[in-house]
Amino acid sequence: MIIDFNGKKIYAETHGDGEALVMLNGIMMSTPSWTQFIPALSSRNKLILLDMLDQGQSSRMSEGYDITLQADVLKKVLDELGIKKATICGISYGASVAMNFAIKYPDYADKLILFNCVPYTSQWMRDIGKGWKLARHSPQAYYHTTIPVIYSADFYNHNPEWIAARKEFLMQHVFNNKDFLDAMDRLTDSAVAHDVRDELAGITAKTLLVGSKEDYLTPPQQQKYIRERVPGANLVVIENCGHAAMYEQPDIFTALITGFVNE
Amino acid sequence: MIIDFNGKKIYAETHGDGEALVMLNGIMMSTPSWTQFIPALSSRNKLILLDMLDQGQSSRMSEGYDITLQADVLKKVLDELGIKKATICGISYGASVAMNFAIKYPDYADKLILFNCVPYTSQWMRDIGKGWKLARHSPQAYYHTTIPVIYSADFYNHNPEWIAARKEFLMQHVFNNKDFLDAMDRLTDSAVAHDVRDELAGITAKTLLVGSKEDYLTPPQQQKYIRERVPGANLVVIENCGHAAMYEQPDIFTALITGFVNE
Amino acid sequence: MIIDFNGKKIYAETHGDGEALVMLNGIMMSTPSWTQFIPALSSRNKLILLDMLDQGQSSRMSEGYDITLQADVLKKVLDELGIKKATICGISYGASVAMNFAIKYPDYADKLILFNCVPYTSQWMRDIGKGWKLARHSPQAYYHTTIPVIYSADFYNHNPEWIAARKEFLMQHVFNNKDFLDAMDRLTDSAVAHDVRDELAGITAKTLLVGSKEDYLTPPQQQKYIRERVPGANLVVIENCGHAAMYEQPDIFTALITGFVNE
Amino acid sequence: MIIDFNGKKIYAETHGDGEALVMLNGIMMSTPSWTQFIPALSSRNKLILLDMLDQGQSSRMSEGYDITLQADVLKKVLDELGIKKATICGISYGASVAMNFAIKYPDYADKLILFNCVPYTSQWMRDIGKGWKLARHSPQAYYHTTIPVIYSADFYNHNPEWIAARKEFLMQHVFNNKDFLDAMDRLTDSAVAHDVRDELAGITAKTLLVGSKEDYLTPPQQQKYIRERVPGANLVVIENCGHAAMYEQPDIFTALITGFVNE
C-alpha cells in the first residue's frame, strides 16, 4: 500500500494477524530485504514492513531532514493502519528511528527490540559516514568501504560464495545507482543529529537490546550504555556475529524477535 | 503422572499442546520451580516437566548412578507420552542431561536449548562440588556456600528482598532436609562422569547455547567451547546476568525458548 | 624489621634500591608469599613487603577493626622507612587497602597498581565471606570453599600437581591453624565496611587496574566501575586467568608492575 | 645508519644500551613515530628502530614482494649491529613481521611482544585493504576510510583536538604524497600472503600478546587464536582502547614492553 505523508509517498505492507510488529530497515535496506523472514515474523503477528523516506519504493527527498522525521513517518503508517500499539523492532538506523519513535510517541510503543544500535551518532561514526560518501565514485570502492566492516571476519571468511553473490548483486544493481547513492547520502546525513542519550531514562517501552560480539560499527559498548539507562532494559550479545546479525545468524535473529514480541 | 522407570517412580506433567518442549531441571530444582513459566512455555507447545531421579516427587536412589541414566529417564517419559521428537531445554545439570540425551537418542532430539552448561565436569567443578557436600552440616553454611555464587553480584545486591525471601525459604524448607541433601549429594556425584567433549561434533540437533556474562559457575568460556564444536550451534550471552538466568532475567529466558522452539 | 604501631608489632622488610614499591598482600597472604617475585620486583626499586595486622609475623588483633586501619599501618611503615612517596601495588584485599591509603594519604601515593579489586564490599561478597567463616570446621571444607573459586577453571584443571602441592600445604600448615583462621575471620570482617565508591573521583595517583577475565570473585565488571571513575585510570584484563593472577600468570604480573612503576 | 640489503637501503637507528629491543613499525609508521617513546624504551635497553622496505627513509620497492622479506630485512639489520638475540616488539603489520621473523630465525628471537596482530590475512582483511587502495583518489577519502576505524570510538570522540591535529598532518604531508601511497599499496599487498597459522605451535620465543577491547581491525578474537597455539603465550586485553594502542594508551603500551623485556 501507498500512504501519503505530507505529499510524500510511503510504501508499506502487512502480513498476517495478531499483535502488531513493525520491522524498521537498516540504512541500506528496503522491504524486500525481509522476504526470507516474513513467514516466521508473521506467523502469530501482524507484521508491518515499510520503506522509510529515501528507502525502496517510498519517495526520494529533495533536501535534508532529520531522523526524527522517520519517526513521524512510522506514526503516520500506524495511524493509517489503525494500530494503536505495536512492538517496534529496528536494525541499526532503524533502531535509531525506533528509539526516537518510542520517545516521541510513547503510547504507540509497547515494546522495543533494538538490534545493533547506538544512543547517538558520535564524531567517530560521522567520520566513518563521510568515508562512505567519499567512496561513491565507483561501485568497487563503495563495496570495499561499506561492506566488509559490517560482517564479522569469521562469517565473511567462511561464506565466500554467499559474500560473492552479495557483492555481485550490490555492484550490479545498487552501488552503481545514482538514485540509491543520493538517497544513502541523505539517510546518512539524517542520522547525524541522532542523539537520545538524555532521553533514554524516560523510555517506558519494554526494551530488548541485541548486540553482536564482533560488531565493529556499533560495538556492544554502545548497547551497554543504553541498557544501563533504559529502565528494565535487557541486553543479549550474539557471540561470533557482526553488525549484520540478521544475515549472519537469522535463526537467533528470528527467535529473539518472535519470543520477545509474544511473551 | 507417575511413570515407572525400572521400578523407580518418575513424576512428569504436561501442559498445553503443540510441538513438544521438555524443560530439564537444574540440580536443585523440581517441577514446581517452573510454575511462573508454564503459561508462556505452554501457550503454543506441549510443555513437559519432569522430576529426574532424586528430584522432587520422583524416587530417591539408594546408590550411585551416572548422569546418562537421567537421559534414559527422559527417553522413558517421552515413550510413555508417545512423543517421537522434542525440543529439549536444559538448565545447568539439566543441560548436561540434554546433551547426553541428544547424543544417545539423536532421533528424539529435534532441537537443543542449553542454558549455562559445560561440556564436562572438570576437576575444578568437582572440587567446588565437594565444598557443597562439606557444607551440609548447617543450613546456614549450605546457603552461603551454594547460593551467592550462582547469582550475579549485581542481581544479588540490587534485589535484597527477593534474595531474603529465597534464603528464608531455602533455610526453612530445603537445606535442613536430610532427604534433599542426600539426594543433592547423589545428583552431584552423578555429574562427576559427565564428559561429552568427544561427542559434541556428532550432535545433530539444532542447538542454541545461552550463557550469562556474570556466570561464575559455568562461565561463557565453557559454552564457547561447545559452540565451536557442535555443528551450526549458536551462542548468545546475556549481559549482566549470573548462573541462574531464569530467575535473574525471566523475560529473556522465556523469549529465547519460545522463539527458538517455534521458529 | 619490626615496627611499632600503637603497641602492635608490624613486620616489614625491604629489598633493593630505587623508587619505593610497596606490595600489599591479599587476605590469605604474608611476606613469604612474595619470595619468587623479590628478584624481579627489587631489581630497580626499593621493594617494601609487610604483613598487615593479623597477617604473617605482625600482631594478631584481639577485636574488630576497619580496613582503613591497615592504611594507617602502611603510613606508619613508610614513615619509619623515611619514604615520602611510593607506588602502592595491592592484590585483592591489599588493593582495597591501597585505594583507602591513596584516598587518606594522597601525598604518599605516587602510583597505584590494583590487581583484582572491588570498589566496595557488596552484600554478595559479604555473603560469600560468611560462607568462608562457616567452613572453618574442617581444613577440607575450608579448602573446597575458598580455593577452587579463586583460580580459573583452566589453570586449576591443567596444573593438577601444582594444585595438589598447594592443597597439601594449606591443609597441613594453614587451614588447621586456629590462629590463622581467627585472623582470617577478623580480616574478612575488616573488609565489610570497605566502600570507596564516592571517593574514586578524587584519587590523584596515576592508576593501573588489572583484572582477570576468569576472576569469579572480583570480576572485571568491578574494575570497569573503578576505571570509569578514577581520573586517567587504565585497565588491562588478563585473558584466561583467575583471581590469583600472581600465581597463574607470574610473568604478566611482574611485567605489568615493573613496567608501570618505572616508566 | 644506512644498511645495504640486496642493493636496497635500510634505515636504522639505535638508542641506549642493554639487551636488544626492536620495535617494528605498523604499516603507516616510520622511525619518527617512536620519538615520544625513545626515552622510556631505551632507558635500560638497546632500542633498535628501523624503517622496513617501503617505509620512511628506507628504499622504495619497484615491484611486489612478500612480508617475509621484511623478516630478512630485520635479520640483516641485527647482523650488521652484531646482535644475536633480541626482543622483537611489533605493532599490527610489524607484529606480522615479528611472527614471521621468529619462525624463520628462531635463534634471534628471545621474546616476542605482539600488539594488535593477526595470524593470517583473511579475505575480510584483504577486502578492507582493497578499500584503502581505492580511496587514494583524495586525501579526504583516504583519511575517512583508513583512520577513524583504527581508533576506539571513545578515544576518537573525546580527543577532538588531538584527532584534528593528526588529520591536518596526515592530509597535508602524507595522504597527498604519491610516493607514500604507492608504498602503502605495496606494503598492503605484501601482507596478503601473511599466514603463520600452521607454524604458531613451533614458536619458541616467550610471547606476550596485547589486544585492545575496541580494536575493530584486528579484534581480540584473533589474538585469542594465537594465544591458544603459541606455547606458553599470554594475552592481555586493554580495555576501552582501539587498534592504535600506542597512541590511545601510551603508558600501558610502554609499561607492558619495558616490564616484559626486562623481566
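Think of it as A, B, C and D in the order they're written, each chain with its own count starting at 1.
Everything below uses one rule, namely that contacts are C-beta pairs under 8 Å (C-beta built on N, C-alpha and C of every residue); 3 or more make two chains touch, one makes a residue touch a chain.
Because the structure is a prediction, the values reported are computed rather than measured.
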Greatest separation from chain D - chain, by CA centre: B
Inter-centroid spacing, chain B versus chain A (mean Cα positions, whole Å): 36
Between chain B and chain D, centroid-to-centroid distance (C-alpha), Å: 48
Per-residue overlap in chain B, given as positions that touch at least 2 other chains: none
Contact graph of the chains (line, ring, star, complete, other): ring
Touching residues on chain A, where the partner in the complex is chain B: 40, 43-44, 206, 208, 213, 220, 224, 227, 234-240, 249, 251-252, 254-260, 262-263
Parts of chain D lying in touch with chain A, wherever the complex brings them together: 122-125, 127-128, 130-131, 134-135, 137-138, 140-141, 144-145, 147-149, 151, 153-154, 156-157, 160, 163, 214, 216-217, 219, 221-222
